[in-house]
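Can you keep this structure in mind? I'll have questions shortly.
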Amino acid sequence: MTIEMDKYRDATVMRLSGEIDMYSSPGLRKELLSLVAERVSPLIVDFRGVSYIDSSGIATFVEGLKGMRSFGGRLKFVAVPEGIMEIFTFSKLDRVFEIYGSADEALSG
Amino acid sequence: MKDSVTITIPSHPGYLSMVRDVTARFGEIHNLSEAVIADLKLGVDEACSNVIKYAYRGATEGEIVITLRIMGKDLEVIIEDEGVRADPACIEGRNLDDVRPGGLGLHLIKRAFHVYEFDEGRRSGNRLRLVRHLR
Amino acid sequence: MKDSVTITIPSHPGYLSMVRDVTARFGEIHNLSEAVIADLKLGVDEACSNVIKYAYRGATEGEIVITLRIMGKDLEVIIEDEGVRADPACIEGRNLDDVRPGGLGLHLIKRAFHVYEFDEGRRSGNRLRLVRHLR
Amino acid sequence: MTIEMDKYRDATVMRLSGEIDMYSSPGLRKELLSLVAERVSPLIVDFRGVSYIDSSGIATFVEGLKGMRSFGGRLKFVAVPEGIMEIFTFSKLDRVFEIYGSADEALSG
């Protein structure tokens, strides 16, 4: 997994690619929690390049979301590939995460 | 085609990707659909992650032995370790409506496999048997 | 990271792709370059193909056991079978200038590995040891 | 490996993709030898989608080339990816096979 940080309009964008699993999710967790500590919001997570996510990756995002909410921040997912979306839906996390098609939609949503 | 492969990896999360590769290739070789292969990869990965977390308590020098085979109309996956014995009574996924980190792995394993059972007769370590009915 | 994996496959050409996957992941996990990984995949594939062709004479129900490990600055690959014994004296690649089908595998194995040696002390079957010096 | 047959100008084009190894090369051999039997020429083999080739694949092409030459036919390779080209060069087969950048170059070469 690789993480690339970017800016888009007034949002911070985290572009993920590769595989998010028990090996790579601690790196993701560290990055997410440091953004929470800095109260970065809105934070857009771009899933375009993500080929795989397991329960440790999902747990990491649930934790990140709780952190964001603790200071009233917003966490938004964009460009979630179908296979990853299916795992979110199965986990009933599509109801908890804000998921948009694109960064523009995320910022007007 | 003889239809069994075994892979032995260290109990290190860095090797889970290799187990996923082997699972995916096994599925391709046996002409399973992409959707089924995606489920199997995730299910096997989650079961091996649990071995690292619970049987080996995070220690990375243990061994995990994963066997994939076709038995008639079933795909069977056997996962063996020499770690702490699991108490099947304590293995339970969380209610999915109660959103919190964790407790999802078991659901993902059971999404992929119809059978999830520990071999209780084993002397030490664990032997988990997963079965997916293919048709 | 403990640095050894073993994969056991049937002596069927359909499983060579799985061996390549495992070899490539092993190389990635150990931060080898893409060029080195490409050589290793091909070298291990060719060595396993020769086991199928010569040790098992094309029979697909044999077993091939492939172990990859890091030993200090070396990557070592051990390939074991229970087929017909190889006579190392008869194993020779062709002169590359003499273009004809065949005789290329050994060159590709030796391109990837600095050491290519059969364990002569073995009672039955074969144990081929391949070593690539990494630095 | 998949094989797709096509026509381009007055040539027959064989588009290959995937992995050519001891498992897939018998299928390739069958196809090549049947084209030889039909005296198809020129035959352009498009390697664009080929991600892997081993010695059995190379042996198959050496055999195919001998077959083509037996009736004065021409076998031309195009769009050979760098990694595959390196194996051809190593095997000294870059001197034996006719290799071009594109089908147009192959047909004017």
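Some observations on this one:
Residue numbering begins at 1 within each chain, and the chains themselves are lettered A, B, C and D in the order written.
Going forward, contacts are C-beta pairs under 8 Å (C-beta built on N, C-alpha and C of every residue); 3 or more make two chains touch, one makes a residue touch a chain.
All values reported here derive from a predicted model rather than from experimental measurement.
Once the centre of each chain is set as its mean CA position, chain C and chain D turn out to be 26 Å apart. Spacing of chain A relative to chain C, judged by their CA centroids, is 42 angstrom. Within chain D, not a single residue touches two or more of the remaining chains. Chain C has residues 14, 17 in contact with two or more other chains. Chain contacts in this assembly form an open path, with each chain touching only its neighbours along a single line. Pairs of chains that satisfy the touch definition comprise A-B, B-C, C-D. Of all residues in chain B, only 12-14, 16-17, 20, 38, 41-42, 45-46, 49, 52, 96-97, 99-102, 104-105, 107-108, 111 touch chain A in the complex they form.
Interface residues of chain C, counted against chain B in their complex, comprise 1-10, 12, 14-15, 17-18, 21-22, 25-26, 29, 60-61. Across the interface of their complex, chain B is touched by residues 19, 21-23, 52, 54-56, 58-60, 62-63, 83, 87, 90-93, 96 of chain A.
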